[in-house]
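The following blocks contain the structures, represented as structure tokens.
Heads up, the next two complexes both have chain A, just with different partners, chain B and then chain C.
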Partner chain A sequence: MWIFSLALKSIKNRKFITSLTILSIALSVGLFLSVEQIRRGARESFSNTISKTDLIVGTKGGSIQLLLYSVFHMGSATNNLLYKSYEKIKANPAIEWTIPYSLGDSHRGYRVVGTTEDFYKFYKFRQDKSVEFESGNSPSGIFDVAIGAEVAKNLNYQVGRKIILSHGISEGASIYDHGDKPFTITGVLKRTGTPIDRAIYITLEGMEAIHIDWQNGVPPSADEMIHPDKIKKQNLPIGQITAFLVRCKSRIEVLKLQREIDAFKGEPLMAIIPGVTLSELWRGIGYAEEALKAVSLLVIAVGFLGMLVSLYTTLNERRREMAILRAIGARPVDIIALLVFESGILSALGVLLGVIFVYAGLFIFQPILENSFNLYLPIQMLSNVELTYLLVIVGAGFLIGLIPALKAYRNALADGLSTKI
Partner chain B sequence: MRKIIFLALFGFASVVNAHEQKAHVHGVAELSLAIEDKGGVIAFEAPSESIYGFEHAAKTPAEKKARDQAMDKLKNLGKILAFDATLGCKIQVDKIDAFVTDDDDDHGHSSHGDVHASFKVNCSKPLKNSEVSFSFSNAFSRLNTLKVQIIGDDKQSSVELKKGNGKIKL
Partner chain C sequence: MAAISIRNLKFAYEKDNPVLDIPSLDISSGEKVFLFGPSGSGKTTLLGLMAGVLEGSSNLFSGDLNILDQNLAKLSVSQRDSFRGLHIGYIFQLFNLIPYLSVIENICLPCVINSKRRAKIKCDLNRAAEDLAIELGLKDFLHKPVLRLSVGQQQRVAVARALLGEPEILIADEPTSALDADHRQKFIELLFEQASRTRATLIFVSHDQSLAKSFDRNLSLNELNRVGAR
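Right after this comes the complex of A and B.
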């Protein structure tokens, strides 16, 4: 035990160099853990966005594109599907509920989603959570709109305010505005930690209404324009939607329904199973994740190398110290133990500090990541895998101590005691 | 920054999509397992070449024998796909098609043929959170990969099993 306290004292005695060593190990461990945490957080936040949805139906194309634009509001659809196809599929007795989405417009960079009352009734995220209202209620009139929590916060909008939607999806000012048909905010949604927070919800009729007088993709001239007061819900047939979500009465029916939709006669449609498509996406990204992980492990190796260098170079300065220890009765084994303990303590402290760095970082950056990337990183305990890695790292720290220890062990006693140093 | 993330995802998306579509890839079979409480359905699809060695309707007696032997193995799916024994599951054959060609082929004959099979599963206990083990390499040595899709009430996933062997939690 005296060796352990001697190792501690020896570390204390060389505060500057040892704290640098600890810092470099802490930073490398921190990097490694951050990669893991972000990976886990990103996966959870993606898979928490949509629950209880068996199928997402869109026009034929890439399944991951369909998942990204319909649920995560990333990218855009290549094609719309006919509303009558939707109604035909919806009539299938195997279906419990559907939620139609009509996409393509935006408001100051936030996506506008045309949908129905079913969205507020049936949409589930984080297993079984429903969409709720912070204030107001769901849009019912043609020019009513409900906004996500983040939209409300960032643009400082409240219920009752009038807003103007833009044609197309752009971050800044858009080319075409639907300025002739302003919308009134009737509801603000509660924060969900999903892309819902960053979206604006109108009715399917609303989506049709703002494009009713458009021709060939350009806005109407002043005399062709139809005044919003003249537009009534009854005479607004819905022509097309972008995608729709499906929940089956039983999971048993899902595969059969998916096959039926894939072979739909009216137009080329496809149905994807969101969780399955997400797994495919992760498998694709898996290589990049592995590469990142490898890089962070290499950084840890570099940290260790730094420790080895610092221990090894101090050995020359400490020849006399070792010799005196030997002279007062320390066995060679004690010298080895001293250095092994030193390097072990350094790596353990480094790992500990690294963990503190990561949690402090999570604490500070969590709201920033959530606001700007919609990536909700839960602050959670280290996983068993991470703990195992950390134990291995500390173990490796002890092992690395053996290298300078053996060198010290070999240094002759007489060599250390002679006065030439 | 969000754009970068999006671009990265989309880049990968196109890579993944390349083999995500229901394509006819030799050596790759797809198995979907949908479960609800104590029951489930299994759908199996594979290029016929990967199952019995050739890709045309069986003509010679030797070919017919090879095909029938492979179909017998599929009929006894329980031997290569095992549910937890304590659940008391029974697998029933719903339908097996030894040779299905692509209808859309304009030339009247198709160079690709698939084996399609579907099964029903009935158990005495709920399947949720149980483990299923696969040992497809014993029966179909030409398979390189078995893509398994799991569709449950609160869990959906897709796993690739090398050589068709491995375990998956439901």
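Right after this comes the complex of A and C.
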């Protein structure tokens, strides 16, 4: 394949301009792929996080906000709902199970979730997977805690260790610690690939207990403080929770139950269907995604335009080269092939480098994205859609080479062996 | 055997503006021909026709043009290209070389492009190219980028490339116009020597009449060409 090796040598000869061309294509392809990867990663991890839940109930407000803080532990609730309301709704015979969540505290940036045994029993993610324990078991005592796999790994915690929870949700050190009421880790959950990995689970009673002696959101002074030994599960009434998940016995009941909850008398409540709200979320993000995608495709086009310009402008100085090739027996189509190969090689190298950029970027930014945005991007093979896009991009690179190639072809035919330039 | 035989050749780049009209020209095999004529008289055009590079489309081209007893008009475009690659070595006035290839790669290129020409070389292609280059005094430049060479050295590389694979016809279009008198003489001697060794027919174009005497035959294009006479 002499044309191919000639094209390679010609590219190598113009190192500076060709590496700029390759870089610009690589960056644009990298941008495009990152958008795709983040989009895909976000969608997959979001829709895999919750299954088999028909309704999520919280106080009235934004439905997307409710979905985000209850299931994905992003943002926070504005209001809690009364435990009494929860018990009243739970009594509805249409309901198969419920999982209450009480939120608002954290430990070194990881959200603390107060819940009941029902969470370990009923919660489903990735279709039909249940929460399982890597070691230990579910918290039963007031000051027992189970931690997600990511928490255990990052903080290097094991069963038996005592930890102190912080009031409020903050990344670093919190202003207020629940230092007076330490918790003991009784269980470490298996990795789920969902926000569960980054959460810490205590009992609803535990959540009540650490705030029992607080007044108006301020911790107790030393003499007002109630010693943990004095708090007993039996005489600890649960006042509020933040949200709860509902599974109906039959799908037909869901809409009816949703209407009932939306019209609940005791306090303003709201029930959302996770799938519906998720697609609402996608629709909202969808425009941004499409815009980003369009921008990255435009950037690719700009990269190609750069290549076209750099190939086209060299054509005049390469007229002699083409005349020489013709004189020693190259066909006009060989001239076309040479230039098409050149642009094809440039775009293939650009795409390859772009893919390398993306994987390097994933590798570097995965922990950052995970910690700062709770977005876990798996490092996985390119999807068929992405591969198709890349093939189309390389193909377009070859096609674009046809423009200077046809020009060179016409030059070569017109010039023959005359070498005026 | 006639290397080149022309009858009633007419050629024009544009309609109604003929460049060549040659009633008859025969060049026999092994002859060393000096072709001269003023600038613009059509020398390069004639060489382009002989090499089969110029498109002989019907209304601009007529007559018979036989190279090595092959009527070029009867060949398809790509057949003409491979015919040229196999049987003709071509040397330009200047800048004969592909700038991004080394000396040895330039010399080998015609044999890389044309597999039949490659097949004529019985030993290793690189060996043959090196031997030839050394014979032409290019020993120290074999793997250098061609742009580092002087013009005289570049022209010698061009000779080596034209000769490798021993084509029957060597065409040189003013190959010495950029050389000084001393180098010009040496270059021509070298070309003669190699042409004799491979028994190639040499067609050498120049408007420098002082070179003419060492050739077997001198051809004035203006005398051959009826367009010029008018």
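Criterion: the second predicted complex is superposed on the first by the 307 of 421 C-alpha atoms of A that agree within 3 Å, B and C clash if a C-alpha of one lies under 4 Å from a C-alpha of the other, contacts with A are read in each partner's own complex, and residues count from 1 in each chain.
We take it that contacts are C-beta pairs under 8 Å (C-beta built on N, C-alpha and C of every residue); 3 or more make two chains touch, one makes a residue touch a chain.
None of these values were measured; they are calculated from a predicted model.
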If we overlay the two complexes on their shared chain A, which of chain B and chain C does A:Glu321 touch? Say first, second, both or neither. second
Have a look at where A:Ser51 lands relative to chain B and chain C in the superposition and call it first, second, both or neither. first
* Of the partners chain B and chain C, which touch A:Ala288 in the superposed model: first, second, both, neither? -> first
Mind working out whether A:Ala222 is in touch with chain B, chain C, both or neither, as first, second, both or neither?
neither
The chain contacting more residues of chain A, comparing chain B with chain C, is B
So in the superposed three-chain picture, is A:Met1 touching just chain B, just chain C, both, or none of them (first/second/both/neither)? neither
Worksheet item: What is the contact status of A:Arg331 with respect to chain B (first) and chain C (second): first, second, both, or neither?
Response: second
Is A:Ala91 contacted by the first partner chain B, the second partner chain C, both or neither? neither
Both partners, chain B and chain C, contact chain A at residues none
The chain A residues in contact with chain B across the complex are 51-52, 54, 62-65, 68, 74-75, 127, 250-256, 262, 273-281, 283-285, 288, 372-374
As the complex stands, chain B meets chain A at residues 1-2, 5-6, 8-10, 12-17, 20-22, 32, 34-36, 39-41, 43, 149-160
Interface with chain C, chain A side, in the complex: residues 2, 6, 9-10, 12-14, 320-321, 323-334, 413, 416-419
Listed in rising order, the residues of chain C that touch chain A in the complex are 44-45, 47-48, 51, 53-55, 77-78, 81-82, 84-86, 90, 92-101, 105, 109-110, 112-114, 117, 161, 173
